[in-house]
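First up is the structure itself, then whatever we jot down about it.
In order of appearance the chains are A, B and C, and numbering begins at 1 in each one.
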Amino acid sequence: MPASGLTEISTIACILFIFLVPLAGAGFALINAGLGRSRSAAHIMMSSLSALSVAALVYFACGFAWEGYIGRPGHIFALSGKGWNWIAAEPFFFRRLAFDGSPASLAAMLQIFCVGLAALIPLGSGADRWRLRASCLSTALLAGWTYPLFAHWVWGGGWLAQLGANYGLGHGFLDVGGAGTIHVVGGLTALAVTWILGPRRGKYSADGMAPAIPGHNAVLVAFGCVLALMGWLGLNCAGAILFTGGEPSGSVLIAMNTVLAAAAAALTAALITKIRYGKPDASLCANGWVGGLVAISATCAFVVPAEAVVIGSIAGGVVMFSVEWFELRLEVDDPGGAISVHAVGGIWGLLALGLFARFHRPVSNIGLNIAGGAATGSEAGQWLAQLIGVATLLGFVLPLTYAANWVLNRLYPYRVSVEGERQGMDLHELGAGAYPEFVTHTEDFIPR
Amino acid sequence: MPASGLTEISTIACILFIFLVPLAGAGFALINAGLGRSRSAAHIMMSSLSALSVAALVYFACGFAWEGYIGRPGHIFALSGKGWNWIAAEPFFFRRLAFDGSPASLAAMLQIFCVGLAALIPLGSGADRWRLRASCLSTALLAGWTYPLFAHWVWGGGWLAQLGANYGLGHGFLDVGGAGTIHVVGGLTALAVTWILGPRRGKYSADGMAPAIPGHNAVLVAFGCVLALMGWLGLNCAGAILFTGGEPSGSVLIAMNTVLAAAAAALTAALITKIRYGKPDASLCANGWVGGLVAISATCAFVVPAEAVVIGSIAGGVVMFSVEWFELRLEVDDPGGAISVHAVGGIWGLLALGLFARFHRPVSNIGLNIAGGAATGSEAGQWLAQLIGVATLLGFVLPLTYAANWVLNRLYPYRVSVEGERQGMDLHELGAGAYPEFVTHTEDFIPR
Amino acid sequence: MPASGLTEISTIACILFIFLVPLAGAGFALINAGLGRSRSAAHIMMSSLSALSVAALVYFACGFAWEGYIGRPGHIFALSGKGWNWIAAEPFFFRRLAFDGSPASLAAMLQIFCVGLAALIPLGSGADRWRLRASCLSTALLAGWTYPLFAHWVWGGGWLAQLGANYGLGHGFLDVGGAGTIHVVGGLTALAVTWILGPRRGKYSADGMAPAIPGHNAVLVAFGCVLALMGWLGLNCAGAILFTGGEPSGSVLIAMNTVLAAAAAALTAALITKIRYGKPDASLCANGWVGGLVAISATCAFVVPAEAVVIGSIAGGVVMFSVEWFELRLEVDDPGGAISVHAVGGIWGLLALGLFARFHRPVSNIGLNIAGGAATGSEAGQWLAQLIGVATLLGFVLPLTYAANWVLNRLYPYRVSVEGERQGMDLHELGAGAYPEFVTHTEDFIPR
């Protein structure tokens, strides 16, 4: 019997949507591996499996205890006569969670995968130089503290979700499929890790040139994009049911918006790279595609398809300029473009919800039934709630993840030794390459 | 609330079936890439992402407006006292489509992926020489005109579907999972494109020899076959619900038939290549597998498993001989075998429906409830309806797609320059190879 | 209308779970290919497609006839006043099976894929030396006799399932997702095949050294692990509904346990290889991950997540030591580690059910409703039933599969010729390599 709140059909639909989410993880892993060097390919895949594993176990151990779910116990903080829920009060190890198809158990299941997705994002940025155990430690931190804390505020009935009920700011901060909770949190962690690691050897030469170091396998990258799309279909649809009270039949709109945003973003990226560099760039188009997915996941349930196309197109453009800006201006060496795709794309998506989402017109039959959210919020207030959420990400989550990773880096240095980087992560850390039978020319690198 | 016509359970099942369909697209992209050259691998993957994107956006913009759905407005043409529905009358941009889980919105969602599948088919045939932007233009044409027009006739209540009601030809032209609408349309477009492009440099020498140019990655090809199977399970089951009024529980029969047909076709192909060439050919077996999937998708809901084995076996044989015939007799250079697999395999499937489908015996509980189709049609009439559909494909769709692509080729030449072909599509059109760190010997090609 | 016994929602959920199962097959194929040599990569993928095809067709032809389903006709054997059901009595070719969503038709659909999974297992062990047609013959044997026989005893209401009703041993032998029926049967067949084939040339030198022959593509291996996880989610959930009478909403617990067991096993493997060899081993971690999946599949519906972590951790350790023991002590050359992962991991899972499963506490709302099983069995009896099942596997199935494969090997030699092995399976058996354009150094093998 499903728990109250979800019909049996919604429960089953939600379970099946959740089961598609690991495809997004598989896609991320392939994209990261494909955009990195061949001599680190086994390492990044091994890091991905490890990150998924560590994230799942740590989230099980303590992450869910901090995140909780709407309507379940939390620590309330009274301020100016209003109660603000700032952290959940669940026991560790899912001990009070009934695995009976209750919405809370479904949310826990979904989060086990979502936190893994967030943990995969920094791996793309730290490619070719981040030590395996360091990335596991950083993942533990993300899955055990940073992610659940922010996700509680958004999806667990926390203070960001309460902005609607407490101050009349629309429905409170909204994020259907995790543009903020998964992607901006993961992307800002990637930024922190990249700052701590520094650029790859040879990326920025003394004369200020930054030669592109091409990814080693473009086929994996493009293939990963299609897998990511499929995972996103599941993720956005499950998020809409669990976190915004949507009906499963609203999934048609969500899926349509998701596909169109990715398509528009990829083509925008192709157009921009064609104009700027003379030829469309396959890697950047892949980044655009994923950026479109990231952006639409905030707002997929609340816009019509034409708006999804607009949001996706802008996401594609924003990601392109962000990639260039981080690489050339800020000298942040991010092989997978993860910061631009996930952090910048996600922030755009969160803001786009404030700009485009309309709850009073009948775009679909997705009911909006957010615990702690006002039944009828103003649209200007919604925009302000989104701004507050983005400010929290930049002003609180980024310093938090930077400080925590800085401390970890002191305790256990993140960056591989110079000798190890020269040798390649595969041989240095795993003792075996990804492609031992293929002849490669990785050291004297000749772009072909 | 689901719209009238489908129960809530059917709606949810259909959504989830549709979400599996992109796996077929991922599979096609990998098969096309694997059967092409390594120096075009990034290009074909990039072309695939672009084709999926263009197809989705164009179908959204105008494709659905021409295709529509059974029971929705269309332009009717009166002939000999009967009304023939020849094109839908929907507004552009899904403007009158309620995304509430109604069958029409589900059909639109499914088609967004199906039209992408159809657009991937010609990419395999044009591999190694078709320019990226030309393939995008051709995709726009397919998704905006050719595909929706024919699909309206079959799936949108158009004149081919009306053959039953208007002339008593069985249930009218039937195609459960798109053997005709997706595969023959895509495969005939592939034929048109291949005629326009001409063979790859070095394929047909002056002395009439046609050396096989092997695909560069057999692992991707076989892996793509398994992914394609999974996408097909979703596609056939969703098509049965949306276009033939099937019950979701009938999906068991459909899935069983789909698997058995693919298996029989692959083994038949292995046997034939073993007999003819001395050794089984992995690429041709993969072609056989997909050919079996294509053939069964017409008729999967209306045959018993033993018949599916027969249909698949014949499909495997037909595809083998067709590949040889096109390559050696017609000198059509089709690296991915897409014409044989999709056009020839699909035509066989459409005819097989006329031969094997039996609507009056209880093969399953799939109800047949086709709008515009007679409740009880004759079986001989069904066979005639299938013949008329195939004749329409060959006599109308093929000239249409050839003429349209011929015009596009005049406006924007399809084929890459001789220098570009020598250099490889990746470097020439994208400025970067798919595998920049691997040592390859692509020019002085030595089969290993 | 779904058949009695399952609600319509359960039927649909089950169909969709089953549709995920081929991802496990795709994952196995990639893992096997990645752990083998590059010069056999096309061969192993072709063998995988062939094995899936042969398994499906043979299971359709006669396998289901022997396996049947709970509550359907079987041959009963009277012993000491009790009826023992030892084989099903179905007609060949699914002739009496109604494809109406009845539980029996769902079980047949699931088994079509499961028997394919079992058939893929020996391919990893016989990599680089097992002839294609021999593996097809062996698959036919597995799918047509060994697998259905044992699966009937467990899942078809056979004598192992009857141990509860007949002798009060708990609920009889239990295996939710096929740890025994799929993995131990497949793994023991792999052991038999490996014994018959002997080690690869150069694996065991005269001085007793066994140099590791690394797999040729670590990316495929890790990617395959994520795909395998997804297939397992579907497999375990479908198995729970069809073979232990579970509710679909219990899938949340099953999925959580599945993920946590895989994660715990992979990390345990990383830790053990780090301690023993100085560096974590990517291939062995992948083996650990799959070993965790295999182990939990026996008991996933009957334990809490913390127990799943324990079962997974032990599985990871057991698989590590088993791999070393088989490779160095028993000199069994198993390139994919399939014997350890599937046979040893599966046996541990079956025993773990006896140790951990508790049916009387409310871990979930999964009802236990096994035909032929006692409504309330003792927990000590359950442990004994599991022991009897494992003893049957080792004492009956292993000799059976060894003897049958030994006879087949006499009729059609399994091992490729010395010349063929030197040349590589791809060129020798298929006439074309998997990667004809890449420069490889396979003969003078230099680990990089």
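One rule holds in what follows: contacts are C-beta pairs under 8 Å (C-beta built on N, C-alpha and C of every residue); 3 or more make two chains touch, one makes a residue touch a chain.
Nothing here was measured: the structure is a model prediction, and the numbers come from that model.
Q: Does the subunit A and subunit C pair touch with the same residues on each side or with different residues, judged by whether over half of the numbers are shared?
A: different
Q: Note the rotational component of the Cα superposition from subunit B to subunit C, reported as an angle of 0 to 180 degrees in steps of 5.
A: 120
Q: How many angstrom lie between the CA centroids of subunit A and subunit C, rounded to a whole number?
A: Centres of subunit A and subunit C (C-alpha means) sit 34 Å apart.
Q: If you look at subunit B, which of its residues touch at least two other chains?
A: 9, 12, 16, 217, 435, 438-439
Q: Which subunit A residues qualify as touching subunit B in the complex?
A: 9, 12-13, 16-17, 20, 37-39, 214-219, 221-223, 225-227, 229-230, 233-234, 237, 247-253, 255-256, 259-260, 262-264, 266-267, 270, 277-283, 285-286, 289, 304-306, 309, 363-365, 435, 438-442, 445-448
Q: Quick check on the complex: what are the subunit C residues that touch subunit B?
A: Subunit C reaches subunit B through residues 1-2, 8-9, 11-12, 15-16, 18-19, 22-23, 25-26, 29-30, 33, 41-43, 45-46, 48-50, 52-54, 56-57, 60, 93-94, 98-101, 105-106, 108-109, 112-113, 132, 217, 220, 426-427, 429-439.
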